[in-house]
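Both of the next two complexes hold subunit A, though its partner changes from subunit B to subunit C.
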Partner chain A sequence: MSESLESGAPSFLDQFPAEAKLVRATLWSSFTALILGGLFGIIQTLHRTDILRVMDSSYYYTVLTAHGVLMVVSFTIFFLVGVFTWGVVRSLDRPLVDMRYSWTWYGLMVLGTLMAVVAVLGGFVDTTEMSADVLFTFYAPLQAHPLFYGGLAIFLIGSWLAGADWFRAWYAWKREHPDERIPLQTFMALTTMLMWYIASIGITIAVVVFLLPWSLGLFDEVNALLTRTLFWFWGHPVVYFWLMPAYMLWYTVLPKLAGGRLFSDPLARVVFVLFLLLSTPVGIHHQYVDPGIAEGFKFIAMTNTMFLLLPSLLTAFTVVASMEYGARRRGGTGLFGWLRALPWARPAFTGMALAGLMFAAGGFSGMINAGMNINYLVHNTLWVPGHFHLTVGTAVGLTFMAATYWLWPQLTNKPLFSRPIGLLQVVMWFVGMALMSNAMHVSGLFGVPRRTAEPQYEGFDFTPAFGTMNEFDMQIAVGGTLLFLSLGLFIGNVVLTSLGSKQSGLGDSLPPALSGPSDSPVVLDNLKLWLGIALVLVVLAYSLPLVSIISRGGLFGPGVGTYPVIIDTFSAVVESVATTGIIETLAQFEVGVIVQ
Partner chain B sequence: MSTETPKREIDHEEFDPKGTLALILIYFVILSILWVFMYFIEFLGNDLTVIG
Partner chain C sequence: MHIHNYEKIWLVLAMLLIVAFISTVAYGATAMGVDMISDDEDTIDPGALDEDPRFADPRVEQVGEDEYEAYVVAQQYVFEPDPIEVPEGSTVTFYVTSRDVIHGFEIVGTNANAMVVPGEVSTFTVEFSEAGEYGVLCNEYCGDGHHVMEGSVTVVPEEEYDGGDE
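Moving on to the complex of A and B:
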């Protein structure tokens, strides 16, 4: 049974074959990262829950880094450049300016990914010194091989050039259409890229000025707090970088799948402008427990973060209203009865709708993370991975997979191999994530740490207020297994679709919004204005904290050396009799404090 | 993709997203309940997390 029935309309591949080839290449890169990332995900899930340990725990951080980097850098951003290329070309209805240039940025992104991944996988090979067990949050004092930082830098440059490609296409279009509003999908891609350029300032300085020369041995020390702050300068807006392509799909594709059209084009533009303004000056909310940053700066970051809820709540309204419009056109009635009229049998719709539902739950746990006082309760616990598996792991990941069921036939002229398997896949992801993420949140509340290979301790038991630790571990393991199986079904469906035979007329158009761009103020399209305000907000939020950090610790740090994780040295220390005695005493003391 | 024929046409003025409003109100009620729940976990379930 095919998801895509012939509509008679030409597909994206028919209209823009060269661009469709590029988008397919970016999506294949994305899916390759997804498979590998998923494999490392299931290994660590079964390892930390002590269900199945196929490796020594000393490799745990290699697995964790590979899972994090492949999933949240490679899978998400390769998909982003693909879907933005599709959206820009489709909405401008014109090809990219120069395909050689476009393939160049794609090539740079692939090269950068390969370099970083080789450095990370080097951690498995005992005969090489190369490793990058620095986790996705790759700030000092953990140090990676220079290949890792070099790869990241090249990947970033590739993503910047991709953004420039879409700006070039827009400029070319503007010359032909001087008085027209920016088409919505292009507007979304351009505002997102402006946010990305601002966010990149932090990570570029961190990698190029400090981390890369430090790992090359050009200097011995860096200011760890400075590199952390520069990382989070980028590290929070990057979550919106993952999210914005999902938002683009929710705003422009989901209403169509629901049988309707976008409720309001102006609201969509406001939301993307708000993300451009507010995504960056909030990064310090990841550093609530960092000593060395004054509480006042953290309070400002918290206030900015709470403002950031506004565009997400606006999105909840606009997207759900668009779905309701579609449902009522399909004959739905009643206050809640219209929900039954939605096309739940279509995996592309169901996957995106379930992803949106998970995002609502992630919104709550995000508010907890963002509150300064309550953050202390969950900081560095398993709650935090529970949160971001709802947001990036489902709101983004499941939306991307579901959208693929709609987009892939138009990029290949091949109908989807199996719609029932697609439906099973998205529901399985939802159920798996509900189990895993719920147990992670609850475990975190009872103090179970994140980033720990063996969170089972001798002489100390976590004491949950309800349930048992075994139940939570089983939920995590069963949920993770369902996610892995779901991922396999997704990849299988895409591969079998690609092996199928071509058909004509698989194109599907996107209807204009109910309230169109003419209803929105022209100032919303003034990208220079919003870029200027966004930069001012960043300067206001970051200049004083950065000056304070540098004036106290210096640019190159108050005596912080490197900390590659060296298990042998640690083991040798632990094995020495005298030290063991001290550690035991300390451990008993600590357990005593925790129990009290 | 098949182009579906709508069972009824609704224009912009006619469409009143009451169902959306109802769902969002339910979400806010859930958020409020969870916030109250967090109060019990943070302040009544444990000693203070940050001391000194």
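Moving on to the complex of A and C:
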């Protein structure tokens, strides 16, 4: 059992107890968000497919906002800070500089999440005017409670400080090891954080300069196209922010699980540099069918997006090659026969391999989204969430869950409660997502929209080229149910593992790459250079479109009003004026009446 | 830096694929005439649509032999006009704007699909070669009644067309 976890080596917890505690805390936060996000997920799945409607459709959007924010902000990013902390400390083989500082950023992230979630959940309570039914994208002029924007800002600050923590650890390490290459996992964390800092410029301006003061009533109007464009300035690179920890796990942990080692350290670095360079100057591809943005800018974003395929295609090669290498070392032979030699009984391996397979499928539908003219057919249809449930929902989510089966014992010194349940869980996730995502993609092709409580209309029916709406709805519902059950098995397994008794020797080492860092050009480690080029590319891609949007509509927009999502009743408007003292504009008042 | 031969081949194929994708988009944009929604139209005050010559009275207007213009207003939770009536065989340029929040305008089962942003006018041209009823739906979340927001395009046989007035 050479691949066994019980290697007898000291675990991460043995070596770095303080850091292990922090990583456990971030992962618990991540899993809490996951279970809540999953609960909202199953409610909305059954609601929109009209199988079980337990609430009025107006609450659907509260559920959808909670699902989106909890899954793609809290679950993913809490996991990221945990796995990056682990990866940086492990690969530098030194502790963080100051744990009080580290707990501070974690605390800020928790505080920010709680603020935003309270604001969102306020949407369920009719007696409060607090609400944030603005979905994950919070497009103005729909307006959320200030607590939502404030929470988001504090969460982001926490994530920036976390990045600074890893840079501090790296600087400290560099003084101790002046002439060494940046260890691979640290390199991956640092380049990802540089990308994150650049991406954050967009959302910071949108939230801090415009949306937060606007929600506090400091001004009445915003430029809807500007805040939307700033959102997507951040909104695409955030996709890679979710993905990069999964990539780190595929590059550094998956080859080990397969029984081998990473193929090439230098190419792994090239891939992360490419993501740093290309993740941000592409956000306009989410706005292909937006008015007010010239076709030429869209074409530039499209070209950049297509080149962004390159690092993912390189990753596909490296991951498969590393797995094949591992399988052949385990005695696998033949053109495809080596696949049988892989450790399919291990949930950590199987989960990550299935996640990678789903990422290939998600990559294909992503290529279609990226095609500017074919995007007309699928834009804002159910195709799009079908796509990102493969990417963030499986490539990222399933990889995180699978990695937990490998990492959690090393953080707790407790062996995994059940491997068979873990295996069942990852396979269920794969099957559930295959059903749900397939039906979502197909439904999108015949025009079923995303983000709606009731995709059933009075004046027309959808006409699938094959199958019936009912069949696709059933696929979505069955798939969603499997996903929810799978999630329950995951959480149960982690909780039962944590309730188990401690053992020693659960540590597992990661072997160096076949082609090591000494083979890679030194320039790859020049982070300042790559940061500089990335900034230049962002300026090239975004300065003209932003200048154009502002010069066309003005910083505060061509007279766009304010539409708080809180207007439930006429009295709620009056009450909110009375209690908050915010000067409501006449426009809002009128809308309140029209809605009723 | 050592790169395995297979990986070099893979790299070249990946680059070819990327260039091919970009070429197909460029081909669609030039040879097949798939225009992107762009920034041709000036911004507009969404609070003053009632004073705008195009949007005060949302309608379809004939501008050439088989050419029409449709001025459409989206607002929570309706499209105007409804139905949008055009003759078979016509080429219709849509001008769509919003009175309040961001909406979507999607003619179901076709690739006519645009974001509708308050302050901006989305414009795109559609050829209607077959008579029939087409559903229109809002595909961007626009408030708690978003799911009831729908409209329609009615394409009538040319001889039955009465000018599109409701």
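By our rule, the second predicted complex is superposed on the first by the 558 of 596 C-alpha atoms of A that agree within 3 Å, B and C clash if a C-alpha of one lies under 4 Å from a C-alpha of the other, contacts with A are read in each partner's own complex, and residues count from 1 in each chain.
FYI, a residue touches a chain if its C-beta (ideal position, glycine included) is under 8 Å from a C-beta of that chain, and two chains touch if they have at least 3 such contacts.
Source: prediction; values computed, not measured.
When both complexes are overlaid on chain A, the residue A:492 reaches neither subunit B nor subunit C.
Once the two complexes are laid over each other on the shared chain, residue contacts for A:213 go to neither subunit B nor subunit C. Judged by the touch definition given at the top, the superposed model places A:324 against subunit B, while subunit C stays out of reach.
Shared-chain residue A:10: touches no atom of subunit B or subunit C. Using the contact criterion defined above for the overlaid structures, shared-chain residue A:364 touches subunit B, although it does not reach subunit C. Contacts of A:259 after superposition on the shared chain: subunit B is touched, whereas subunit C is not. Once the two complexes are laid over each other on the shared chain, residue contacts for A:508 go to subunit B alone; subunit C is not touched. In the superposed pair of complexes, A:558 makes contact with subunit C only, with no contact to subunit B.
Touched residues of subunit A, counted separately for subunit B and subunit C, are more numerous for C.
In the superposed model, A:500 makes contact with neither subunit B nor subunit C. Residues 263, 317, 321, 367, 373-374, 376-377, 515 of subunit A are contacted both by subunit B in one complex and by subunit C in the other. Those residues of subunit A that touch subunit B in the complex are listed here as 3-7, 259, 263, 316-317, 320-321, 324-325, 327-331, 334-336, 338-339, 360, 364, 367-368, 373-374, 376-377, 406, 409, 445, 465, 506-508, 514-515, 596. For subunit B in complex with subunit A, the touching residues are 1-4, 6-10, 12, 15, 17-20, 22-24, 27, 30-31, 34, 38, 41-42, 45, 47, 49-50. Interface residues of subunit A, counted against subunit C in their complex, comprise 57-58, 60-61, 64, 133, 135, 139, 141-142, 223-225, 228, 263-264, 266-267, 287-295, 298-299, 302-303, 306-307, 309-310, 313-314, 317-318, 321, 367, 370-374, 376-377, 379-381, 446-447, 449-455, 457-463, 515, 519-521, 548, 552-553, 557-561, 563, 565, 587, 591, 594-595. Residues of subunit C that touch subunit A in their complex: 1-4, 6-7, 10-11, 14-15, 17-18, 21-22, 24-25, 28-29, 32, 34-39, 41-48, 76, 100-102, 104, 106, 108-123, 133-135, 137-148, 150-152.
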